[in-house]
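Both of the next two complexes hold subunit A, though its partner changes from subunit B to subunit C.
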Partner chain A sequence: MSLRNTVRAFPSLLRVGFSEALAYRAELLVWVLSTTMPFIMMALWTAVARDEPIGPYNAEGFVGYFLATFVVRQLTGAWAAWQINYEVRQGTLAMRLLRPISPLWAYAAENLGAVPMRVMVAVPVAIFSVLVVGEQAVPREWWGWPLLLVTLLGGWLITFLANVCIGTMALFMESSNHVMDVWLVLFFILSGYMFPVSLGPPWLSALVDWLPFRYQIGLPVEVMTGRHELPETLLLLARQWIWVLVLGTLAVTLWRRGLRRFAAYGG
Partner chain B sequence: MLRRYSRLLGVQLRASSLLAMQYRGDFLLEGVISLFWTFTAMVPLLVVYGERQAIAGWSFGEALLVVGWFTLLQGVLEGAITPSLNGVVEHIRKGTLDFVLLKPADAQFLVSTTRFEPWRSTNVLTGVAIFVYSFHLLGRGPSIPGLLASVVLLGTSTLLLYSMWILTVSAAFFVVKVDNLTYFFQSIFDAARWPSSVFKGPLAFVFTFLIPLALMTTFPAEAMLGRLPLRALVAAVVGSIVFAFISRRVWLRSIGHYTSAGG
Partner chain C sequence: MISVRGLRKHYKVHKRPPGLKAAFRSLFHREYTTVKAVDGISFEIRAGERVGFLGPNGAGKTTTLKVLSGLLHPSEGEVRVDGHVPRHREEAFLKKIMLVMGQKQQLLWDLPPAETFELNRAIYDVPQAQFKQTVDELVALLELEELIQKPSRQLSLGERMKCELAAALIHRPRVLFLDEPTIGLDVSMQVTMRSFIKAYTERHGATLILTSHYMDDVAALCPRIVVIDKGALSYDGGLDALVQRVRPEKRVMFRLEQPVEAARLTSLGRVVSHEPGSAVLQVPPEAVSATISRALSSLPVTDLTVENAPLEEVMSELFAENKARRASVAGEVGS
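The block that comes next holds the complex of A and B.
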């Protein structure tokens, strides 16, 4: 499992992931259709803000915000938790362990492989957003663009690593799907997916600053719609990557500990 | 005929309850999770009403009634509808639907009644508790004829939900790998959490006629408040029967596409 082997194999794994996404494109479409919550929230919040703006957001601002939310959700998606949970229970994880590369890299490649297909959905929505709300929909400063990419990567890493942590818990308990349910509930409410986190009561915003969720969706969306000045963005970015490190360490530790308990019956 | 099917329903219900009794630990955990979900899902509502007194003509107490109906129907959906129909998707994927089709009873009836999760009734109780609280906030009781109308609407909403699920499951005959259909369905149903008058333009059309979410939660809430016109009540009853009829036709057509294992 040397690093060199991993680096050499990763591009092929990505290609496999992409082919898989292409083969199951109908399934991918269903996934995309089940992430339409931002459109519902957009309808709701624009109705609320019709007469006067709420905080920094007017009706147009909400349109831009929630279209960006849809785009970010597409690009930062991961589903490794269900995958790992399923494979541990079915025993098929054994097959992956036989390969000379850590399964964690394989999961990462499979999840990333779907990104090109998701870009094809996300880009038209982003273009539509620019057409509807104008320059509010994209970063207005030059530094916004590279930072958007970095925050998107960070957002994906948090989502993926949290997925790995929760999926790996299946090695310690019967099924970790319940844990995932709880995580998802918190994610929906606290990530900025249903409302911009700055609109919540002060105690909620303070809490959200210290939790990983807003760095999955809220931060990339805010960078995309140019809501922050540079210093503030950098501060939030630092917090995002602290969470990436924390979850990364946790994921690797849980995985190593958990594997010792793995037993594939007849697998 | 009717007696035979009601006896069959009794047998299936008993089997499900026995199964459910085995997993009491799960019941507790799932009950806690769904309570947790119900209350955290109210955060957006609180945030919205933190900004405004009323939205699209709905005060906080009135909007809470819609949430109550949503929670109640979620209990019905997850307790009586989803568990069975999730099994269908699995049957189609594995090709084991043969065993169902071979039985001398209607296939739709059999697949819809294989599994009930009586524990999910916690959501129904939570829904009722929310009703009580919202009328407490409104400072008055529900109107009696309205209450009767809302019971009728509970029937039509359940029928609508069931028909929508049948339509979703029918898709599984055409696109096989669809284990994510449940998430798809839930994410659409989630829009029923809000009073339907919030939605304007194309969304309003979609949620009234194509995916009749407005009929499911907003109508019963309006009925309880005593402001649902009789015309709307009749329309809801007729509409849901038409919807059920369409879903039955689609199911019969789709099952014709079933190719069994190795197909």
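The block that comes next holds the complex of A and C.
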């Protein structure tokens, strides 16, 4: 499919994604409620850190960290794995394949289309965070703001592309939902969603640096709460975008090979 | 326009008997069987032709349509549609074709059909003026005015199918693959859809391949039919020629002023049905005139019509013939 055609059609796909998100507003609310784990973690870790800091985090630091975690999760969420798995099994992927635009762009637009609704949830939490913990809640250096946007985009891309890779596995196996379950377990433990990755033992922190999960949540949260100096931020950003490239290549390769096996069942 | 040479599509399917024991066994040892969905068919279709694909369930009709529309990669054979190899799914190819499947939908479920029309306009890069003209035409012909602003999920099946067809035609495809487009629709809706499809193909010179279990669809739309059975092509030609070959006998239908005894009918031909006010006889084509003259002189006839046997019966007889031939070939090979 030509890039020109894709670029021209993408705004319409985004508009449809946004309209669908509005239609599914009750579902979105339930999803937001299901992502409140950072608030529970916040209560736990602030209680633990009440008397003395744990690593670089005092109680206030944990509040800022987990409120930022909630915000980042809202802005980097994707659900393409379940969507692709369902459409492959039902054969409804066929209808997307008939259109002169790659279904991957359509999935991306539908997932991104929900972002404005999620921003409406995330912004009040971010404002609340600034009111509670002050400057620790947002980047303190000017360069932190543009880099935050870049890490958020990178985080969303890693989440989306991992979703595409896993969803596409349904073209090779009967269902890929269980693979997604395994991915989510690793994501919860290793992304910084339940605790800052720097609090783990050194071997775990070293491992996490080389896995994609930290770059989905941990890195944007650390940049948002100003946890790194510029050189370290740039190094982590480079690793994040290497993961974007790796997962992007893997997603496109799996997709192309998988389509040869698509049986378009039903109908 | 469409050229198919030696097309085969074989699937490897996991075979497992029912029951828990078989389920456990399949964890360690899986048996696979090869299903020959399409097994070496060839045909050519000229631009602007309307062709009906007929065959029993599982014959390979839909698989063939999916290969022609680029959804499935053929196992063997050469397929070309207007110069394109469908499995490459080139943009220019996808802009020329559309596949409508009665069971699958492209309408956005929670949004009104108008949103799908607009999305298709953007995706297919349809100029605004042409889009407006096409939508106006489709809305008028299919009577969609009241429907296109309601969420698709709130439409009835028939209403949805009309909108589905309209969405599929926004980019004015030159090749239409319609797979059971009238499935589940009531009789009047079927008639509307048929006349619309015919008008569209005539107005735009579009090529049509249609599969349907409703023989009326095929009879109304397709001068040529291709019969596929067990993945193989068993007939390719005109509808009338098929009827002449399989069931040449004519049906003579009489409306009677008063009831007649059965014996008076059996002397005229084979009695297909006999009611107090009507009777249907099946007679060889060469005997039609003689039978009518004898009936008019011996029965209280108020009206009569002569027709071919219903297409359903013709097809059923053809499939039975094919089945018997396969059984006999298998028997010869076995012995």
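The rule is simple: the second predicted complex is superposed on the first by the 266 of 267 C-alpha atoms of A that agree within 3 Å, B and C clash if a C-alpha of one lies under 4 Å from a C-alpha of the other, contacts with A are read in each partner's own complex, and residues count from 1 in each chain.
Note that contacts are C-beta pairs under 8 Å (C-beta built on N, C-alpha and C of every residue); 3 or more make two chains touch, one makes a residue touch a chain.
Remember, it's a predicted structure, so these values are computed and weren't measured experimentally.
In the superposition on chain A, contact is made by A:L186 with subunit B only, not with subunit C.
Using the contact criterion defined above for the overlaid structures, shared-chain residue A:A43 touches subunit B, although it does not reach subunit C.
In the overlay built on the shared chain, the residue A:Y24 is in contact with subunit B and with subunit C.
After overlaying the two complexes on the shared chain, residue contacts for A:G91 are found with subunit C alone; subunit B is out of touch.
Of the two partner chains, subunit B is the only one touched by A:S34; subunit C is not. When the two complexes are overlaid on their common chain A, residue A:P201 makes contact with subunit B while staying clear of subunit C. When the two complexes are overlaid on their common chain A, residue A:I101 makes contact with subunit C while staying clear of subunit B. When the two complexes are overlaid on their common chain A, residue A:D209 makes contact with neither subunit B nor subunit C. Shared interface residues of subunit A (contacting subunit B in one complex, subunit C in the other): 24. Of all the residues in subunit A, the ones that touch subunit B in their complex are 24, 26-27, 30-31, 33-37, 39-41, 43-45, 47-48, 54, 178, 181-182, 185-186, 188-189, 194-195, 199-201, 204.
Every residue of subunit C that touches subunit A in the complex is listed here, in rising order: 11, 62, 66, 69-73, 89, 91, 94-95, 97-99, 101-106, 108, 110-111, 115, 118-125, 151, 179. Of all the residues in subunit A, the ones that touch subunit C in their complex are 1-2, 5, 8-9, 11-13, 16, 19-20, 23-24, 91-92, 94-95, 97-101, 260, 262-264, 266-267. Touching subunit A in their complex are the following residues of subunit B: 29-30, 33, 36-37, 40-41, 43-44, 47-48, 50-52, 55-56, 175, 177-178, 180-181, 183-184, 186-188, 190-191, 194, 198-200, 203.
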